[in-house]
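Alright, structures below, take your time with them.
Shared between the two complexes below is subunit A, which pairs with subunit B and subunit C, respectively.
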Partner chain A sequence: MKMRVLEIAGNLRAKNEALASRLRERFAKSGTLVVNVLSSPGSGKTTLLVHTLSRFVSRYRTAALVGDQATDNDAQRLARSGAPVHQITTAAECRLDADMITKALAEWPQDELDVLFIENVGNLICPAEYDLGEDLRVVLFSVTEGEDKPLKYPLAFNTAHVILITKCDIADAVEFDRDEATESIRSVNPEAAVIELSARTGDGLAGWFALLEERVAEKQRLDRTEYLSTVTQ
Partner chain B sequence: MKMRVLEIAGNLRAKNEALASRLRERFAKSGTLVVNVLSSPGSGKTTLLVHTLSRFVSRYRTAALVGDQATDNDAQRLARSGAPVHQITTAAECRLDADMITKALAEWPQDELDVLFIENVGNLICPAEYDLGEDLRVVLFSVTEGEDKPLKYPLAFNTAHVILITKCDIADAVEFDRDEATESIRSVNPEAAVIELSARTGDGLAGWFALLEERVAEKQRLDRTEYLSTVTQ
Partner chain C sequence: MHEVGVALGLLEGVQTTVIDRDVERVCTVNVRLGALSGVVRDALLFSWDVVTKETICEGSELRIEEVPLVVYCERCGTQRAPAPGTGLVCPQCRSVSSNIVRGREMELVSVEVPA
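Right after this comes the complex of A and B.
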């Protein structure tokens, strides 16, 4: 029994890798920067993305996919930015996978995008195992969640390119220990860009926008065929 | 492929139900109240349990099992209460299941307990599907997480006997809307006891302790054989 489950899990993983590679190829051809946003429920993914889409929609061809187990509350909130937004309802599944992204793009074609944001299901465990063909994996954790979250969910934090510490406006109220949080992050991921921000006050958003805009420019500068040959992930 | 996965998932679920029933029988015989505590990461499970164990350890034979993907930080924090605490490291698994509880109790025998607290893995999705033989399923969500969490994670909230709204000391700072949260809760679960509390200030803890103590007394009052015949879950 255990063997069969492991074998099938292995097959599913291999299938996801193959589909993610195909997505990565496709996004390379179209010069689309893909940003996969992960966090536990309530860390502030949707609020951050509302601000980000509102800024990006007037500057770039921008769209968003949103995964949720139930309700389209988040999709509705994001759509207020004016960007095209498509909901993926995952029902019993605890994460998005490359197959869901492929199917969503088939029923909702958005070929000429500069940036595609993907808001993953609120969960720090399952989504970390599934490559969606993204260029940037962004993991949020809020100052209210405890400084040791990176140690307790090492895969999510270890595979992140960008780690955002959110809700910094209430850092003092919750006695957030910045040094301890930084140490936790660095012990599982010495490389990731770390940005502290507050979507409510706007502090730190400029740094986040600048990072994204640099990456969009970089992706577009690269000749797309050349880009393909440099994709190593 | 899909069929085999579903079939195996069904088998795993059936196996879990069988093991959970055996656990429930065992806990009925020993008169042990079992409390399964679920929430997303950072909602305050460990902090609440530190306070709860500290109170209970001098009044009842109390112990705790703690599930975590990695690190024994939470187990160490709980152990400071003086209660016996045992860590279950789930590695890739996103939740505890009845088999893990059975095995943990075999290697760490605690037969004569009045109360066993189980701190589940920080995740609002996967743990909701696994019965651990508990009497009380307690789901926490903090005022920082957004008032619509119950709608977005309906299974966890729908199967809860008790819903705790935590970190109420910062409710104003995060502009928590109590009416909207209550409406979200009631639309997925009209029955659950709802308690607002702050482990930091102590507000609301008395109500939580009283609820638990009443349930412990109730479980002990019942003749254990009789209790068995009343178990309907």
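Right after this comes the complex of A and C.
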């Protein structure tokens, strides 16, 4: 049978990228620092965010969006911090995307925020592909997960601005090899800030808070039009 | 799960392309997937068969071109292909590159339809 070939220059990410850049413009206008938090299930995203929201809610206009495939347990845990929290149930989808964030913000309007935390679905593959218009992509991995995790999920770790090694209070008990972990991180991302912490004991949280506070201040200092011209380049 | 989403994205892309172009059925869909895309080939093929049921793409072949990871190594001043599982480390000089040249592709390339 004779065939004809229809060429398509179709980047599957194009639609999400367009929506993400619209979100980025919107957050630039409102001066909102957006933090997208990624990790495997069970690395401690929710626990870290409970502590982070508790600190931030009294200092900044802070809110959180939480993506989960089922249940609103995490949203309930986060809401105890006193910050406004909105759940996105993703059902079959294994990640959040820019469309879900746009729709969530339409049905849950927040007055101009200083910081919006987004807890992504626990997964290191799919969420890595989807830009949510964030300023900071934060990837967690706990000391129980194996030092080579960054090598197994290179895209997530490569695109991270901040990498948090969590549950450090039990590092010795699980014979966590810090040098090996650092080497795996640096093999995929030479530039990200790396912070070791334990949300349970509070060790290392000060460094994490300081980094965020610096970024909030930076985002608000920037003249918004100037910021817009840099993000659209 | 990831693959179902990717398959749906592909299907939507194909449907947009063939609309108004007098196409009755699609025989082959050519795509390009980078090593970093995290897409599992077999899972995507399976998902394709499922999501294309009762669409213009039902029964079509999904042809996947896998693109290996290539980085630009600044120290060597050239492109290098890191071995799988070694991150972005140059196989020659062992320095780490953050400049990914290829390997992130998730692209729909073309569709083949009866002439």
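Structure notes:
Please note the rule applied: the second predicted complex is superposed on the first by the 218 of 233 C-alpha atoms of A that agree within 3 Å, B and C clash if a C-alpha of one lies under 4 Å from a C-alpha of the other, contacts with A are read in each partner's own complex, and residues count from 1 in each chain.
Throughout what follows, a contact is a pair of C-beta atoms (placed from the backbone, for glycine too) under 8 Å apart; a residue touches a chain by one contact, two chains touch by 3 or more.
Everything numeric here is computed off the predicted structure, so don't read it as measured data.
In the overlay built on the shared chain, the residue A:I125 is in contact with subunit B and with subunit C.
Contacts of A:I170 after superposition: subunit B is touched, whereas subunit C is not reached. In the superposed model, A:T102 makes contact with neither subunit B nor subunit C. By the touch criterion stated above, A:P41 is placed in contact with subunit B alone, subunit C being left untouched.
Using the contact criterion defined above for the overlaid structures, shared-chain residue A:P150 touches subunit C, although it does not reach subunit B. Contact with both subunit B and subunit C is seen for A:L12 once the two complexes are overlaid on the shared chain. After overlaying the two complexes on the shared chain, residue contacts for A:P190 are found with subunit C alone; subunit B is out of touch. After overlaying the two complexes on the shared chain, residue contacts for A:Q220 are found with neither subunit B nor subunit C.
Residues common to the contacts of subunit A with subunit B and with subunit C across the two structures: 1, 4-5, 8, 11-12, 92, 94, 125-126, 129, 151-154. Of all residues in subunit C, only 1-2, 4-6, 9-10, 13-14, 17-18, 21, 23, 27-28, 36-38, 85-89, 96, 98, 100, 104, 106-115 touch subunit A in the complex they form.
Partner subunit C is touched in their complex by these residues of subunit A: 1-13, 15, 92-95, 125-126, 128-129, 150-155, 158, 184, 186-191.
For subunit B in complex with subunit A, the touching residues are 1, 4-5, 8, 11-12, 40-43, 68-71, 73-74, 92, 94, 121-126, 129, 141-142, 144-146, 148-149, 151-154, 167, 170, 173-174.
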